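Heads up, there are several structures right after this.
Next come two complexes, and both contain chain A; in the first it sits with chain B, in the second with chain C.
Let's look at the complex of A and B:
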């Protein structure tokens, strides 16, 4: 009898259920009777919902038409409303012959977004800085005109998606610097300044945005000499910048608080003044840390732009609501639901894109602003 | 030069100068603003003062939780609508927290399909503007309900139609007081039992099913008493009269739409907050609890949730504040909330924009402070000692 094993035994294959697709199915869908029940119920719900959406949005939908009468059946979407009015939704009341100016702004905006989406090697930073400085100036000149022989267009003619984007970009670009100063003030060692900044921030954060906007629109003429001459649109912009700067300040405060004390002490030890310390050492790191939260704030700013319709502006939601109540399209509720679905889709594309961007930034350890 | 500016090198003096400078500048700005405001208001002939609060309001408010008629004063109107705002906020906070809890659970579930479902819910409801969602519920979804004469009938006691949801209300007879007292006694007894059981478990380690006993006490005892008293509760059932439903209670579509919108929107955020809180508890804590023989239930209720709470409270407070603030959108779909009364009803009638603005700001700041204070107290009570 040979006591010693001279060859390796062939290993047994693992139990059937612990590998491959079967394991995946079992652990993800059928791990207990309760999970199996949930899987079956959800599958049923998803299939029913999917069929309903397919039928509603495609099979029974009406794609073209010129009034509510083109969509008589309530079991299908009324895309005719969108295809009939899309110019209004995209360009607002902007003069028809000047659409090319808006188109250039849209192209510039896409380029700016593109510059932040991808990395372009060494030129990335320059490219981004260039776009973020050129875009607001160019957009202003193109949209309002009055320079370089461009015909003047009143800010009140801006509308639809264009107005939504304009409000969002102005609020974001305006509130970032103001918010940064407020955050620095709140973190300051000077008690009076930090208390003042704190009260300022907490005040705006404690009041509904619509209240603030109404307040600025109604009361600015009283508090400022010649305030009545300030355009209503501009008053709303100021309101947006002011209250959003309070939210931005909290974002940057989070970023500043994430910097270890040693960084402050080391820069002081090197003899840097307060502004040099902030500018060269602290802020570059703090900004990087606050980018994900900043993008989240941008998402809520974008969503919040809808409230301007309550003071009579025709942003995307406002102009859709106006069109729904116009004599051509006033009709049964299924036209409303189609219109809102379209609006939701547009808003969703922007906000979901931004949230995915912020997720990508969070997952990347080294972020360049 | 050196002697003239050398004081500038002292940090204390320098910071004092900065701070007094800021204060002085602020005072100057405030005086200037006050001056402009008074001259402007005199020029525009605006009335000032709060005397208008005692004038007759003249507009109806529905729903009104306390006695209110169009003959009531502006002050009454403000109180009624403020109550509406608070009711809406409290109910929506309650419902959104429950729904958010279930979303958090489904996002943490081992079932892939359920996880994806939770994910989809959060992404959809979080990324669409609240105002759009409110419009959808009010102008599209609730308007699809049938008309008054073809209401959806729930067993002849509750009715749903385009004008709202009509349901029976209990009308209490005098004997019902006894039931209320029984309920109170049951609550107090179960609380006492809970304290006794907690102390005994702390001292001897012997557990006692106080929760089970308490719940059955609170449910069964009043039921038994009601049965003995032959159920002294009458139901006021809504009946379709000539034009409308009479009797019973009703939920207006405006309120329902607000509740739907606020709950579904905020539940997405609250779900994410709770999920992040539960995930923030270290895995070792759960494993340690299981290894000393805790059941799944005990692991969660005794170990995971108390620790997760510390992460959950601050962001959830923020979300509650956001919810309370966003009730100001109610006026857009015609629900009579505080801001609707101030901006939509009283301001156009009286023209006293300035005073109304002050009241509005004070009202909302008060609500915000109140919620923040409640949550701070809750945070202090549930804090893990020594941390």
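Let's look at the complex of A and C:
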């Protein structure tokens, strides 16, 4: 028989695992002749590609110039196109003398975003709420004008990055609440409401966005009397909000269904009403679970704003295309590739930012639990 | 029999689809009575007590709680729910709130107490379940037994007239069962009306005024604990007790 243990063993630290750079390299890249071969091949590919990109984007690139003639070399990027036309890309067709109004909007937008990146202790929530309510109002007044003696600018003159950002933020901020209500409606016990929400979601999700946009812009005036009086831009916004809310609804439904039944029951047992239960108990948890899918949807909304080109608006991509067709810059295809590389970079910077922010949100929510 | 009924079941029936879970239930619970409900799994015990705060809706018959009949009138339901505390097998604490916030939320939103006052009440109840030192932690940081004590305190904060316990020790590690039962024994000593679904026969024997044995959706036997455990009248109860006590 084994003796009974009378003294406890003190905890020890795990065996020390110092590898050193050489050992690490060997175990990760050169552990067998086959892995060594792969490492060498990949290294060769990366270096070749890297050298090509460096040469194309920097060494052989032309940075300044005023027309296609400035970029005769097809083996280098033509950034001159971007530096020559950047105002158009950033401000669209907004009147030149009113650029300051757009600048204030850009600054306010940056401040609003910054307010979400830092914590201010107890006032954090209030401050963010303040920024997010003030910003849309201020942005509207500044961009469109007609108030406080500001000169009116037609929404149809918005363009470039400005238009892309305006459409993206309106679509995202508008489709989140609408999507939330659709998701709640779809999970309702009342069959009429849940079916109605379900078919609404299925319809807008099932029809190509291009069809919806064209429908709203071209056909709405025919179906609805006086529909033509609603501004084209507003109609486009409504279309974006409506079809994106269908995706948002499914995102939130996923989040809501991840909440265990016990949470609903415990809230009900305490006597909370439906809306209090949703607002204080269920949605805060559901939102947290929805963050990855929510950001995924926001990223695709941001990229999809480019379909406004179809109804005659010039967002960032649209205005780049227009500029490529202008008589100064029409020419060899390497200007095309530079222009689209630039567009890709701009879109990527914004979407990558969103994705990084969502990572932060996820990490933060893990701390609480 | 009870002089002052606080809960009354009159020929209550309920179905889950075609499955007849509650069959002609008649039950009267007096104020301050402590009732233990036991029976094999699937016998309808949990469904019975969940009908009292209408987490489950019955289809025929009458249920009267605190003089109010449970029906589709929503106003009734919310006020009854706030008078009836319920503790669940799986604790169901709100994971995104601290222990203290878990206790404050109901008082603040349903009883409309100011936060400050609600916090004071919360602390007194946390002290009673001996867990006040954990007030700022989140539920996920507590052991099962601690979580269940917080859940009991959360219900008690609402100053309920009736407490329902639905197999509250079944999900706990064995060494944590006692700390939860101790809290319930204390509560019983204070004259709270309690309906307890449990397999803790020791608890039933010492605390219950009455034991109700259910099987296949019916109340098979209603008896005093000593009579029920030592000398059960029905054959089904005899078998059940034999099986439950067997492994001790």
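As a convention for this text, the second predicted complex is superposed on the first by the 347 of 369 C-alpha atoms of A that agree within 3 Å, B and C clash if a C-alpha of one lies under 4 Å from a C-alpha of the other, contacts with A are read in each partner's own complex, and residues count from 1 in each chain.
The definition used in the following text is that a contact is a pair of C-beta atoms (placed from the backbone, for glycine too) under 8 Å apart; a residue touches a chain by one contact, two chains touch by 3 or more.
In this text, all values refer to a predicted model and were calculated from it rather than measured experimentally.
> Where does A:223 make contact in the superposed view: on chain B (first), on chain C (second), on both, or on neither?
In the superposed model, A:223 contacts chain B only, not chain C.
> Per the contact definition in the header, classify A:281: touching chain B only (first), chain C only (second), both, or neither.
second
> Looking at the overlay, what does A:211 touch: chain B (first), chain C (second), both, or neither?
First partner only.
> Go through the superposed model and pick first if A:351 touches only chain B, second if only chain C, both, or neither.
first
> For A:39, select first, second, both or neither according to whether it touches chain B, chain C, the two together, or no partner.
The first partner, chain B, only.
> With both complexes superposed on chain A, which partner does A:306 reach: first (chain B), second (chain C), both or neither?
Only chain B; A:306 stays clear of chain C.
> Provide the residue numbers of chain A that touch chain B in the complex, in ascending order.
27-29, 31, 35, 38-39, 42-43, 46, 74, 189-193, 196, 203, 205-211, 214-215, 218-219, 221-225, 227, 299, 303-307, 309-310, 317, 321, 324, 333-334, 336-337, 340, 343-344, 347-348, 351-352, 355
> What residues of chain B sit close enough to touch chain A in their complex?
15, 18-20, 22-23, 26, 33, 36-37, 40-41, 44, 46, 109-114, 117, 123-124, 126-132, 135-136, 139-141, 143-144, 321, 325-329, 331-332, 339, 343, 353-354, 357, 360-361, 364-365, 368-369
> Residue numbers of chain C touching chain A in their complex, please.
53, 55, 78-79, 81-82, 84-86, 88, 90-96, 105-106, 109-110, 138, 140, 151, 154-155, 158
> For chain A, which residues are in contact with chain C within the complex?
For chain A paired with chain C, touching residues are 260, 262-263, 265-273, 276, 280-281, 284-285, 288, 368-369.
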